[in-house]
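As written, the chain order gives the labels A, B and C, with residue 1 at the start of each chain.
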Amino acid sequence: MGTSRWGRSLRTPLGACAAALLAVMALIAILAPVLWTGTANAFDTSAILRGPSPAHWAGTNNLGQDVFYQVLVATRLTAALALAATAIGVGTGLLLGTAPLVLGRRAGRVITAVVNIAVAFPALLLALFFAVIFGVGARGALLAIGFASAPTFARLTRTLSASVAGLDYIAAARIAGVGRVRLLTRHVLPNIGETLIVNATIAAGDALLAFAGLSFLGLGVQAPSYDWGKLLYDGLNGIYVHPVAALAPGIAVILAGLAFNLFGEAMARALGVPELAGGAIVRAARAGRGTRAGRGTRRAGAGASPGSAPSTTLPSTTLPSTAPPFSPTEPDDCVLSVRDLQVSFPGGVHPVRGVSLTLRRGEAVGVVGESGSGKSLTALAIARLLEPPAAITADQVRLLGHDLLLSPGDGVERHFLGTSLGMVFQDPMTSFNPVRHVGGQLAEVATQHQGMTRRQAAARAVDRLRAVRIPSPERRYRQFPHELSGGMRQRAMIGMAVMGSPALVIADEPTTALDVTVQREVLRLLKSQQAAEDLALLFISHDITVVGQVCDRVLVMYAGRIVESLPSAALAASARHPYTRALLAAVPSMETDREQPLAVVPGRPADPADVRPGCAFAPRCAFADDQCRDADPVLTSAGDGHQVACWHPQASPVPITLVSGAATPAATADARETT
Amino acid sequence: MSELRFEGATVWFGSRRHGHLAADHVDLVVPSGAVVGLVGESGSGKSTLARAAVGLAPLTAGRVLVGGQPVPRHGRRPVQMVFQDPFASLDPRMTVGESVAEAIPRGFPGGRASRRAEASRLGLLVGLPDGVVDSYPARLSGGQRQRVALARALAGRPEVIIADEITSALDVSTQGAVLNVVRDLQRELRLSMLFISHNLAVVRYVCDVVAVMRAGRIVECGPAEQVLAAPGHEYTRELLAAVPRPGSVLTAED
Amino acid sequence: MALPPGGATPRTPRAMSPAALPETGGDGTAPERSASGGGLDSLIAAAASPWSRFAARRLGQLLISVLILVTASFLMIHLVPGDPVRAALGLDASQGVVNARRAALGLNDPLWLQYVHYLRNLLTGKMGDSITSGLPVAQTIGQRLPATLELAGCAFAVAIAVAVPLGLTMGVVTRGGRRRGAELSFTAVAVVLGAIPGFLLAFGLIDVFSVQLGWTPVALQGGFSSYVLPVLSLAIGPSVILARILRLEVLAALQADYVRTARAKRLPSARLYLGHVLPNALTATITVCGLLLAGLVAGTVLIENVFAWPGLGQTMVVSIISKDYPVVQGIVLVYGTGVLLVNLVVDVTLALLDPRSTIRES
């Protein structure tokens, strides 16, 4: 996998240019001293301090030497010095940066502390300090610049290796008895190597510029040898009378510095640091994955992102619309009506493929599905919170009769959405702005959309905080989000959602990041707010049990489609889609038979970048036949308020035990607790 | 397999004056061949206890014994661990086979080939498809990665295995498969296992004994049926009541 | 001063044990740790407030850094190979003169005694005399420092004034991979400008604005127009670097959950970007700002030499070449102290601005 990733940096125009420049420089460095040393050093007393001419392309210096050939010949010394200084800096930095891992805690802390102090000093100051000690001249400058760049590299190595050393695979290797040195060479260095190489390349460019700077100050290479910096120094002394002599070495310095910098830059991009094109998509597609609070499940390393797998394009046949035969007339109390909603990303990624749903006033509808099912994207698309490159199309998205598709996005529209639609997100820790007070974040809804003064808005916010049962709301109003517990933050988030007395609240995995006891309180609060304000609630979750508890109706999503829609009460008794049934059976409950293995869904969840024709669940389905693999079933009615998209809907009840009366031991516990 | 015993295990994080107590005089026994479930909410100290057992978190007081011997702080530990995050627990630059083989003790007879064969054997044991041993973790699903982590733990010839929230980062449809593997392995190999989870239903399915942890302390411990059917501690009852149950309807607060 | 929890078994305040935990319903606030003892405990509690702890630790850090800096500048003269006085006075000076100067500088004393003298002199504001001119070093620095500070201060202000609006605007318009063209040209210009060393840029500017257009003086400190080119050549590099970093921070903030929340509240763009995105992005760049400011101070050395600016940097280079070590020592101390002060300001600003107070607690 390695070579192709590195090769990618050469395939961008930027990377190719930089690489070509570096190659030319290397070639000149090797050949020029052999070919032109004589030409460059020859004195021509008849042509002193001349401008550019056909004989001397870059003019001559005060001894009549040809500046152009001098620049060419000086390439070797310049490059050698820059690379040697980089080697000194990188080597020393690596030693200092990895020492804490090898030497253990105490010695490591001392080294880290010293490096932390040294790194605050600009490299030029350090270089000047070392130049005093090592003396004026090429050797002194080399050591000075080398050691001056060491702290930065040590800090970088330390930071990178510490972040890798904290990962579980290092812990696992330690437990397995792998020694410190092998840990470093086998696990840590390979995983930070790419970043180090990229930074070393950029550091080489910096070293080259630093030599030019020191030579310009007269502290670098001394006559009779010369590098670009020395040529610059000579040329710059006469810049006001004869600027061209400085021009050629100046251009050489800038070009070479740029080449190193740009090449580093191109490598960094090719190896996948931040703003990679696919990053946002992967993040959006994974937003619904349940991660528990306090221990983020981050992907390790650049190579470990499963979402970055090459995406195949969609089959050429356009996706058949699976809009169910909903009656075109909407109920009078319809709050939200969505028809054939589709979301796509560039590159043929199609995570939502035709979702239709309606919500009435006071109704709670749950959308359940696994990561990659498109449930969170559906919610964000309805709320108009998806930004390009996501593309949204739909036959209809209407909120309280307003067509959101045709919305002008002006102030009126903003006020309407700001007061009619409330949102609750998954992680209450990250969903509040960390540097602003909780209360102000609630109050700004009222000042922006309801024309309230700051004082009125503050009163309203305190009232809402009280309504979501936050104790001493006046005090909490003035606190920062991190000063509230997780459950309280999510309550405040619900309070924020109902600031404008909305008709619809969309809750996207609102309890996934919370502990079970807190989850129950937050769910109850959501239900009580829904009842008190007669809200329509669109509840997104990966947990079918929770959805069944909270919602009147359940929509099961798989691979961007609703595969089944049924009343919550009918879930266990009459779920008909094999996927819904698998979801119900695969999750152990407090009543699962311990002697039986759990039901298993083979394969892995569908990849929105790789949607095949036919039913998306077919590859994992025990009942799939050729029909399933050829044609995608549409959502059709299967009884009272029940729709299913399946060629082979199952009829028998799902074999799971339900809570029924006070017979089960757990219910006894429940009863005891309430008394 | 032998027993894992925590005796007054105490872990204090941070400086002396401004730290906090992550585990507070914990006494807990994982009997030989039994699966003990450790439940509790985030921050209760479950994972700290696990890390203390393998020497990743320093004990401030007390001790952790395996088969009567203290767990060494260096070298191969008699306790092996499977971690929560399937995406952080495998080195992306090593093939699955290399990762597993690395954990095989040094004294293993034969050369590279026999270590490789052993890694393949362990891969099959945890239900990995053929040929996966030669691929890099990036190509594996979350469930497959957790199986690899299990195989690696077994490769270390452990006396005890600690599973720390091994299914909480997985999708529900893959969680069941991993739990089945754990269950089968336990039955075949009579593993002693400390199974840590915040999910009571999962713990109930896998474990013989359940210990409930809160704020660094074990508040209740006993046979699974007994603790879950007739909880003795207020907090256990609260936890049990909060577990969502299929078919029940949540009513708004009064 | 206090009784820390004993070595092996830390004392556990009873209030922390679960048995004594008041039932908070799962998500209540953690109970305050009660100061159960008498006056001593409340004293500890007062000393343990995050702010005083932060101040104490940061002050200790500063003291250690200053000590290291002073030691480094003291050792500098002893690390130079050969006899520094002979090097400074040249081979022509007679041995008698060299010996007399050595004695005057105290170089014949044992090292520790020299160190003690050095520290004592520093505490009384004495930095010795220049070998070449014989003038007190402190006096020279006092004359030269203001010009350098003015230059660095102006350049920093310009860099911030350019970088913040530029970085924010570029971040907003290129979010989510939009306007690839704008992003590429911004990055290209920024990389090129960032890669040109300030002193070369200075010559380019001189050539255009002073020599060809005659708008600004070629060199020397004078009225407003004499500041334009030195400040620009010093500020352009750091400002494009800062703008690039700020753009990345803005992009990161735009991806953050709290910005999605703010968008869900349908706030107007100005409020969204200035009220929610910018504060977080700026907080994230304060450390970089500190490094850039320190770098600017160092950059003055080169720029002063280009413009014959009568600051510390010029004096330093002259002193290094003429091996006037007392002056070099003094100037190294001043630059180093400046860097340490910048760091202190950065840390305090971060602690003030970032309510999550990670810096106060870590």
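Rule of thumb we're sticking to: contacts are C-beta pairs under 8 Å (C-beta built on N, C-alpha and C of every residue); 3 or more make two chains touch, one makes a residue touch a chain.
Only a predicted model underlies this, so the values are computations on that prediction, with no experimental measurement involved.
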item	value
Per-chain CA centroid nearest to the all-protein CA mean	A
Most distant chain from chain C by Cα centroid	B
CA centroid of chain A to CA centroid of chain B, Å	29
Computed distance of Cα centres, chain C from chain A, in Å	30
Length of the line joining the C-alpha centres of chain B and chain C, rounded to whole Å	47
Residues of chain B engaged with two or more neighbouring chains	41, 238
Shared-contact residues (touching 2 or more other chains) in chain C	26
Chain A, residues touching no fewer than two other chains	515, 517-518, 521
Chain A to chain B touching residues, read off their complex	1, 167-169, 171-178, 186-187, 190-191, 289-295, 297-301, 303-306, 370-371, 469, 515-521, 523-525, 527-528, 530-531, 542-546, 548-550, 568, 571-572, 582-584, 586-592, 594, 597-601, 604-605, 620, 656-660, 665-666, 668-670, 672-674
Residues of chain A touching chain C in the complex	14, 114, 117, 120-125, 128-129, 131-133, 135-136, 205, 209, 212-213, 216-219, 232, 236, 239-240, 243, 246, 250, 253-254, 257-258, 261-262, 265, 274-275, 277, 280, 283, 383, 385, 387-389, 411, 414-415, 417-418, 421-423, 425-427, 430-436, 441, 444-445, 448-449, 471, 480, 482, 485-488, 491, 493, 496, 515, 517-518, 521
Complex contacts: residues of chain B adjacent to chain A	41-43, 47, 51, 54-56, 75-77, 79-81, 83-94, 99, 102-103, 105-106, 136-138, 141, 143, 149, 152-153, 155-156, 165, 168-169, 171-177, 179-180, 183-184, 198, 200-202, 204-205, 228-231, 237-253
Residue ranges of chain C in contact with chain A within the complex	25-30, 64-65, 68, 72, 76, 79-81, 175-178, 187-188, 191-192, 194-197, 199-200, 203, 206-207, 211, 218, 248, 251-252, 255-258, 260-268, 271, 275-276, 279-280, 283, 290-291, 294-295, 297-299, 301-302, 305, 316-317, 320-321, 325, 328, 332, 335-336, 339-340, 342-343, 353-356
